[in-house]
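Letters A, B and C mark the chains in the order given here, with residues in each chain numbered from 1 onward.
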Amino acid sequence: MSTPAITMDNAVPPKVGPRAFLQRLRHGDEIAHLVTLIFAASILLLTSLLVLELWRESHLSRAQFKWSFFWTSTWDPVFNHFGALPFIYGTLVTSAVSLAIAVPLGLAAAVFLAELAPRTLSDYIAFLIDLLAAVPSVIYGLLGIFIVVPLMRTTIGPALKHTLGFLPIFSGPNYGVGFLTAGIVLSIMIVPFIISVSREVLLTVPRDQREAAMGLGATRWEATWKVVVPWARTGIMGSIFLALARALGETMAVTMVIGNDPKIAASLFAPGYTIAAVIANEFTEATGDLYLSSLIELGLVLFLMTFILNGLARILIVATERGGGRPS
Amino acid sequence: MNRIRTIWRKSLNVVMLTLTGVAAFAVVGVLFFILGYLVYYGGKSLNWNFFTKLPVPVGETGGGMANAIVGSLKLLLLAALMGLPVGLIAGIYLAEFGGKTFSFVIRYTTDLLNGVPSIVMGIFAYSIVVEPVKHFSTLAGGFALGVMTIPITVRATEEFLRAIPGSLREGAMALGASKWRTIASVVLPAASGGIITGMLLALARVAGETAPLLFTAFSNQFWSPGWSQPIASLPVMIYTYAIAPYDDWHRQAWAAGLVLLGLVLLANLGCRLVMNRRGVRGV
Amino acid sequence: MRKILLSLLAVCALAFTAHAQSGTVLLNSAGATFPYPIYSKWFDVYHTAHPNIQINYQSIGSGGGIRQLMAGTVDFGASDMPLNDQTLAQFKYKVLQFPTVLGAVVPTYNVPGVTAELKFTPEALADIYLGKVTKWNDPEIAGANPGVKLPSDDIVVVHRSDGSGTTFVWTDYLSKVSGDWKSKVGSNTSVNWPVGLGGKGNEGVAGLVQQTPDALGYVELIYALQNHMSFGTVKNSAGNFVKASLATVSEAASGAAVKMEKDIRISITDAPGANTYPICSFTYLLIPQNISDATKRDTIKGFLKWMLTTGQTMVEALNYAQLPKAVVKIEMKQISEIQ
């Protein structure tokens, strides 16, 4: 919250009542408050409208399956039996993998660009990385098929199996497509968001913070990791939210490299399916009403998942809100 | 004892800092690889025709994606007009005016909106803009894309407004400026570097989106005059061509990808030039 | 800032003033992806011959085409599957279905060490996709391919992940030749596959098959031909192993004309005949029977007549099979039903 304003207007004790309100209005602050409030509220309106539409259009399947939709594993368009569990699993796993790769990578790159690189070089590189965000999802998918999948099958997969094959997440046959491949492709897609926003936020950290740390004898790295990054914590977390949101909702690229098999498996090499991918794959061809309704209900489920994940993440932020951050 | 610790700290310092450099260059390396791939496979299809002619059926030469290029530009313009102001002003609210609970709700909702799969966004835009009037239109596509730009813009605006130190605000108010005047004339310009980066990021993201356009802007073999007809766009063309069986179309898809990146690059460059000329910080 | 705003305004004005020329007839259509290449060719040639007619077709999928037609956002639709009575009942008006071209679905594989053309029996295909036959050297496959050294590796089954007419044809065929398949899985544009990886689109399946040793998948004939993929032969109802080609596909349709007099929607999978390829199908244009706008109606009727005559001469160049003459006759009669 911004520090309380001490303006010339407050030199006189504040009046109350409608006349006072009108007077304040003339000064424009109330108008500004109102206008910005309306715009902010419109976001709420849009999202509510979206949820309402999803709710309405999925009434058939909600009535039919009720709560069992969440733990049913079948997805059968012919016999009209639908369940969301494998898709929920796939969405969570691929997002987790992609964050596990993108967050360290992105944060490290952002630190480099904000702290170490000379300013012009940093600007150019950041500029180029922003371009990555514009690459269409389809192209990521195609590159995934042509490059990442064979790489996974011939090089990365065997290497992982050789070293860590005893872990259940690296067991089973390796086709090239699967959770791990999808996670890798996703991580490349979301890393520009983390780098771009984190870098900008790190650049806003006041110089005196760094200098104070180094004045106390910290190495460059220690100053960065223990002082600068925590200061920018909320901004960095925000960028991770952005990245997570994109990972959850990514459709085209994922469906091309995940194997599209609605099954739950422990191994990261196994093929899987995500909510966004199945909607993208089957929505345009779905003719039955219950089929369509189930697909839309999946959209609603994803919404719910995003709701919960965001909630958990925010609790995490509050829990770590100890000293060292920028005063809010 | 102290010496060992110092050596440890110093080596850790070097190692970690090198790693960050490696990370940065790895990411850039991936980008160059993607660009190189697009150039190699699509470069051959990039000729004057590509930019000026309409698509032709498979097997014929001389076709292009002129209508898709113009289409993408029109759609992005609409998206920017519809989404960026909402994001900006909502972000201002969150950073400057917001009450505790309402702000929390708005922030939460914005994150939710960001997580909506692009195809669901397309379905939503369809039910709101297309179904009532019973035809696909450029406006519907712009609406779908515009809504998608809001979350990133809101976050960027809020983050960078908050980063402006209170002393700047207090200084302006001490000179007699009202709150909104402070924001408009002092705080916003100071934060504009980061905010504009956020907006460009948002536009870059929606520039490459296919799914929302399939049910809203549809696509068009021909030119699309006005704003209420279906319109072609680069991502949809890429999608259609990439999954077809024809090699010629594949190359055109890669070329279209290259052009799309080129457009985003130009837009970014343009904005930075304008901002540099006006002496904006952070660019 | 002002300059930017002014230029923006100018662009908007330009966009608004670029009206369509008066007299242009604009038709929007959507649907099946399978015939997209030939449709785009047809609409383009037709536009060149009639510059004031613009027919815009987008391949968003058969289901999409059907729904958009129901919603009234397109003037006509296209579907790889014929509409069943249930779907037809959902339309508020009568919809006529016009077959346009024929296509086929072929089994494609990547077996290390095998260069010969593999022969597949219907039972083998069904059992592989059911997960009952798991190894390449299983007797069901080896029996049809004497003299070919098949490895004992596990078969990597590949199917389509996106809903598609190709899947519909493939599963329709499997349902006809395997009672097990029909009761357990059934046929639709998207099914609950017992086993296998899902590839998106023909290129997804082809890509997976080409890159994964021991893979078996199904793709459209055009796709296999265009990309020089090797595909196997399938045993038809007469007991002959037939390789898919324009000739064998047309054969499958020739016998269908008689049945189509009664109901134009007919499945031609597993069609009788010595030289027929068993996995093929028509693809349909969905035209509302009553079109109130006279210009649009005449345009559509004119296009359909052109499509059935001149249009058919262009299909083979793009690896589609022509409609048999008997079928063309039936459709010409149906055109007169459009009012």
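A few comments on the model shown:
Here is the rule we use: contacts are C-beta pairs under 8 Å (C-beta built on N, C-alpha and C of every residue); 3 or more make two chains touch, one makes a residue touch a chain.
What you are looking at is a predicted structure, and each value in this text was computed from that prediction instead of being measured.
By count of C-beta pairs in contact, A-B exceeds the other of the chain pairs A-B and B-C.
Of all the chains, the one whose CA centre sits at the greatest distance from that of subunit A is C. Chain centres here are Cα averages; for subunit B and subunit C they lie 36 Å apart.
In this assembly, the C-alpha centroid of subunit A lies 15 Å from the C-alpha centroid of subunit B. Under the contact definition stated at the top, the residues of subunit C that touch 2 or more other chains are 60, 64, 200, 204. Those residues of subunit B in touch with two or more other chains are numbered 214, 242. Residue positions of subunit A touching 2 or more other chains: 280, 283-284.
On the side of subunit C, the complex with subunit A involves touching residues 60-64, 66-67, 87, 154, 156, 161-164, 185-193, 196-200, 204, 207-208, 211-212.
The residues of subunit B lying in touch with subunit A in their complex are 9-10, 12-13, 16-17, 19-24, 26-28, 30-31, 34, 37-38, 85-86, 89-90, 92-98, 100, 102, 105-106, 108-121, 123-124, 127-128, 147, 150-152, 154-156, 159-160, 162-163, 165-166, 169-170, 173-174, 176-181, 183, 193-194, 197-198, 200-201, 204-205, 207-211, 214, 234-235, 238-239, 242, 253-254, 257, 260-261, 264-265, 268, 272, 282-283. Across the complex, subunit A meets subunit B through its residues 1-3, 5-9, 27-29, 31-33, 35-37, 39-44, 46-47, 49-50, 53-54, 57, 104-106, 108-109, 111-113, 115-117, 123, 125, 127-139, 142-143, 188, 191-193, 195-197, 200-201, 203-204, 206, 219-222, 225, 234-235, 238, 241-242, 244-246, 248-252, 275-276, 279-280, 283-284, 296, 299, 302-303, 306-307, 310-311, 314, 326, 328. Per the touch definition, subunit B reaches subunit C in the complex via residues 55-59, 74, 77, 130-131, 134-136, 214-215, 218-223, 225-227, 229-230, 240, 242-247, 274. Residue ranges of subunit C in contact with subunit B, taken from their complex: 4, 8, 11-12, 15-16, 18-20, 26, 28, 30, 33, 36-37, 40-41, 43-45, 47, 54, 56-60, 64, 71-73, 200-204, 220, 222-223, 226-227, 317-318.
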